[in-house]
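Below, chain A partners chain B and then partners chain C, in two separate complexes.
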Partner chain A sequence: MEIDRADGRNPNQLRPLSCSRGVLNRAHGSASWAQGNTQVLAAVYGPKAGTKKNENPEKASVEVIWKPKTGQIGKQEKEYEMVLKRTLQSICILTIHPNTTTSVIVQVVHDDGALLPCAINASCAALVDAGIPLKHLAVAICCCLADSGLVMLDPTKLEEEKMKAFVYLVLPNSILSVLPEESSSVKGEQMEQGLITSVTHGVMSVDDYLHCLERGRAATSKMSDFLRRNLQPQLSSDSSKAG
Partner chain B sequence: MEQRLANTWRMTVNEKKFIESALVSGLRVDGRNLYDYRKLSINFGKEDGSAEVHLGQTRVMGIATSQLVQPYRDRPNEGTLSIFTEFSPMADPSFEPGRPGEFAVELGRVIDRGLRESRAVDTESLCVLAGKLVWAIRIDLHILDNGGNLVDAANVAALAALSTFRRPECSLGGENGQEVIVHPPEAREPLPLIIHHLPIAVTFAFFSDESTLVVDPTHQEEAVMAGRMTATLNTNGDICAIQKAGGEGVPQSVIMHCLRIAATKAADITVKIRDTVEAYNTERALQKIKRHSAPVALDVSGTVPNVRKNQVKSEDQREVSGSVGTQVEKLKPMNERKNSDQSNDIEGKVVTKSLEQGGTNSKDGNPRSFIGGPSS
Partner chain C sequence: MGTPNAVGDWSSEMEVSAFRRLFPLRYYERHLSESIRPDARPLKRARDTIVSLGAVASSDGSALAKIGSTTMLAAIKMEVMTPSVDSPDEGSVAVEFHMPPICSPVVRPGRPAEVAPVTSKQLFDCLLSSGMIDLKELSLIKGKAAWMAYLDIYCLDADGALFDAALLSAVAAFSHLRIPVVSLNDEGRMVMVSKELEGEKLDKEPVDKERRKLSLKSIPFSLTCILHKNYILADPTFEEESIMETFITVVLNSSGQLVSLYKSGGPVLAHTSAIQECVALTRQRMKELEEIIDEAISTMEID
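Take a look at the complex of A and B:
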């Protein structure tokens, strides 16, 4: 069954992606990520000396500040901060610089659906731009479930509001390796089969959820390619960020 | 928290001395003349009322939104304008999240005085029901990158956001004309604000050597300067606000000299703002024509994917032209791409035909305005 999406995409199509790194001068790392009309700007400062009171000083810690486009910071923003922080903590190698804080600041430029995945992608690109050591990259995507049971990827804001349920999935990026496949598996399972974060809104059955997961995984391989190509070092940019 | 202070950027003595001695001989570190502004560029976002200003390395985003509220008791016929400045921690490592510091408050107040107290925005036209409902315009200024001279950049961002902002049209209805109906933008075209004049802020930095002053200091010059002054003026020759908060004492003649310089700078910046806003408005009008003619084209040409592809294509072009160093990728299956080649051919043929004929009848009966739009 075909559902006509307002912008003419089919259910498996993502909106046009665009990513630019190194957009800010003072920040150590910065990236702007846009998926269709949703655009997010992320900046990274760090590592800075010291950790906050309730953080473990034996490890590095990640601090996330979410700035909405307009209005006061409320519970929604705090929730996004928490999800983003936990996601980024799982991809950063925390043992390299103990007792330091890396700050990630996210500024929403425009929200047209799939805001949290866009922010996660932007933060990941900004962390790479800042040179923070990461285990692997994180690729985030939003899958929504229509009443008919059809799974659609990357909804716009209007679509998100109409759907029965939607889920934000964050998966590790696909591995491009010359080594044979067995050596990249963790505990017998492929690393790329893992799931870093999943946030659901609305009610969906277990089968629908697994279906969303499958579709999300298929889409993230394309996004990983895009990300990998985009993160190639840029030849003409200057890299001095002292002061 | 003391550890946080250890992370702030401090200027070395060498850098300070270098900047000061260069200024004595009239040289600035970035090669500008003493009274030159850095390159100012204004980009608009996808929504009405969102603008991003680049002044050299300084980057400020301004967003204007509106809401219906009750008016103040002493001004029942006027709408309100409020400015919120966010010194985002991404702009500078020393900006802390949470309560705004004194500089943030000062910046907010300077822009507020320049805009509100000089009556740049007509607040009486924002009244819907006297004494009951008025429009409250809220401007959020997000400082994204602190490259120095935040006041001027933030001021331009606020003006650009206000100039392109559109508020929904509302009409009175109901039994006794007391009910307010707000029309969504699809139903009725939203209205722009009435702006009488553009108050432009020009900042000067004074240094310990008496006769040295520069316009538009960078953040390194700000770290070295001994005093600063911001003059907000408009092209009518009115001084809307002057802010000189402490710092080095400056003789009267220097102040008058500064005001004269500020007048010329304000004129330049006003022209720049007006030009970019006009360009944005024409593009917006063209977009509206395209959007409205799309349903007509659907019926006539009969193929749905072509029309939508054109729209998406032109959005892409805007994206590419608007940003620097980006990679725009479309993840579409192969058959869609074939369709797009077809649509390009059809479009090409129709364009040449309409140019040749120059009349209102083109091949498929598509309205000329659709073909002549930005996608061609």
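Take a look at the complex of A and C:
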């Protein structure tokens, strides 16, 4: 069951990752994240005083502004904004800065598949760069399902269009900075196996979905390591600046 | 935050309605620990559901769906258009989900609700990817004319599980849809054949003989569940949605395949066991909804 991928990767192989933080001067935190040719730039401003109407003033709120590469924002981008906002809200500790708004601005530099996962990874790195308190990091991945039931990770735009279904998954990074009230394992399942966000496109069987989830989990542990490694050295140099 | 028992003394001194407003989460948790919800439902039961077809007489297909007090009105208007070059033998569908200020105190006039365009997009994706509608059936003359189905869904009362109700009303509206009869006129353009002329002898042969139905295959049905600690609550109300913030929406089609599994953030992480439980609940709910739709269709045909 081998499928040749145009770029010669095997199904489990991710495209080369690259992440750089602090790329923007005026932003409180920023990061650029690239997976192959897909590249997203995220900037974080805040926490600023006050929340919008209908938001809970006892908690901090997160605002996401999605800027596409060209043109106006449509329904697709609105959906991305909402998924991104809810995902970021779930990893931030919202009770530390009540009645504030943190703005996350996402600029798509180039879209070559797996755009939303790339944006989530970029925003997460930008939040760390801005020093926003987080419960844990989140890692996002796109799994693609071929007609034969084969799962491929991190598809390009062309592969996304060709495949019958694809799944965006966001999973928590393994090491917690704040322990939740309950014990971290539920019925023998580790906390890092819990799913933060799932968005699917196309029809698949339930077993295929669970298979994707399993493969996604395995791959995100690698990405978590990459993200952590990337954040570590800069943290030591930042601490002098922050103090 | 302590355990629910920490405010046990409070709850005995306080009126129930005051306790509910002051400690909504505790109020719910005390119910949940007894495996019951404040509206007397067991945790995994959906609210009563009603579907009635043909609510809008001027449309080509319409339906009103109610899940508890969440009310959705869906109507389809058919128009003839030129198909795109990429798919000359296919019609198309456009979905718009509206949340007017009447539906909820959260929606303010002049400021459209944030979730409306997102729900439109999800509905569109679900309806098309489920394979319910064969777009080729909407074709009239290859490369020249095809039907465009404008589906508009109005939320009249937003009391939680909006997506479920919207999808149900959309499916019901498509099952009620009768495609109008059109014929070619002298200039080679499509014209609607008015109702009075239907069945009579026409000088021009209509493209279709009679108002036809779409054959709907693998119909999508959805169920939204709340995850809270280890509890799973099916079909949440608005109050439940605003107190417990982790939702997971599962859409299955009638051939048992997964059309969408949507969870966006939320404080609770979904483990595989919870996902499987939600899928199982959706399977059950699908049977109920199939019966409700079939019943609505059969009562309409008797009328």
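Just so we're on the same page, the second predicted complex is superposed on the first by the 220 of 243 C-alpha atoms of A that agree within 3 Å, B and C clash if a C-alpha of one lies under 4 Å from a C-alpha of the other, contacts with A are read in each partner's own complex, and residues count from 1 in each chain.
One rule holds for everything that comes next: a contact is a pair of C-beta atoms (placed from the backbone, for glycine too) under 8 Å apart; a residue touches a chain by one contact, two chains touch by 3 or more.
Every value quoted in this text rests on a predicted model; they were computed, and no experiment measured them.
Model built by superposing both complexes on chain A: chain B and chain C fit together without a clash.
Residue contacts after overlaying the shared chain place A:K222 against chain B, while chain C stays out of touching range. Shared-chain residue A:L88: touches chain C; no touch with chain B.
By the touch criterion defined above, A:N37 lies against chain B but remains apart from chain C after alignment on the C-alpha atoms of chain A. When the two complexes are overlaid on their common chain A, residue A:S103 makes contact with chain B while staying clear of chain C. When the two structures are aligned on the shared chain, A:L231 is found in touch with neither chain B nor chain C.
In the superposition on chain A, contact of A:S20 is made with chain B only, not with chain C. In the superposition on chain A, A:Y45 makes contact with chain B only, not with chain C. Once chain A of one complex is fitted onto chain A of the other, the partner contacts of A:D7 are limited to chain B, with no touch recorded for chain C. For the three-chain arrangement built by superposition, the Cα-centre angle with chain A at its corner and chain B and chain C at its ends equals 110°, in steps of 10.
Taking every C-alpha of chain B against every C-alpha of chain C after the fit on chain A, the minimum distance is 13 Å. Taken in their complex, chain B has these residues touching chain A: 3-4, 6-7, 9, 11, 45-47, 50, 57, 59, 61, 63, 65, 86, 88-93, 97, 138, 140, 142, 144-147, 220, 304-305, 308-309, 312, 315-316, 319, 323-333. Residues 1, 106, 108, 114-115, 117-118, 120-122, 124-125, 129-131, 229-230, 248, 253, 256-273, 275-276, 279 of chain C touch chain A in their complex.
For chain A in complex with chain B, the residues that touch the partner chain are 7-8, 10, 13-14, 16-20, 22, 24-27, 30, 32, 34, 37, 39, 41, 43, 45, 48-50, 65, 67, 69-71, 103, 105, 107, 109-110, 222, 226, 229-230, 234, 237, 243.
Chain A meets chain C in the complex at residues 53-54, 75-76, 78-79, 82-83, 85-91, 167, 170, 172, 181-182, 186-187, 189, 191, 193-206, 208-210, 213.
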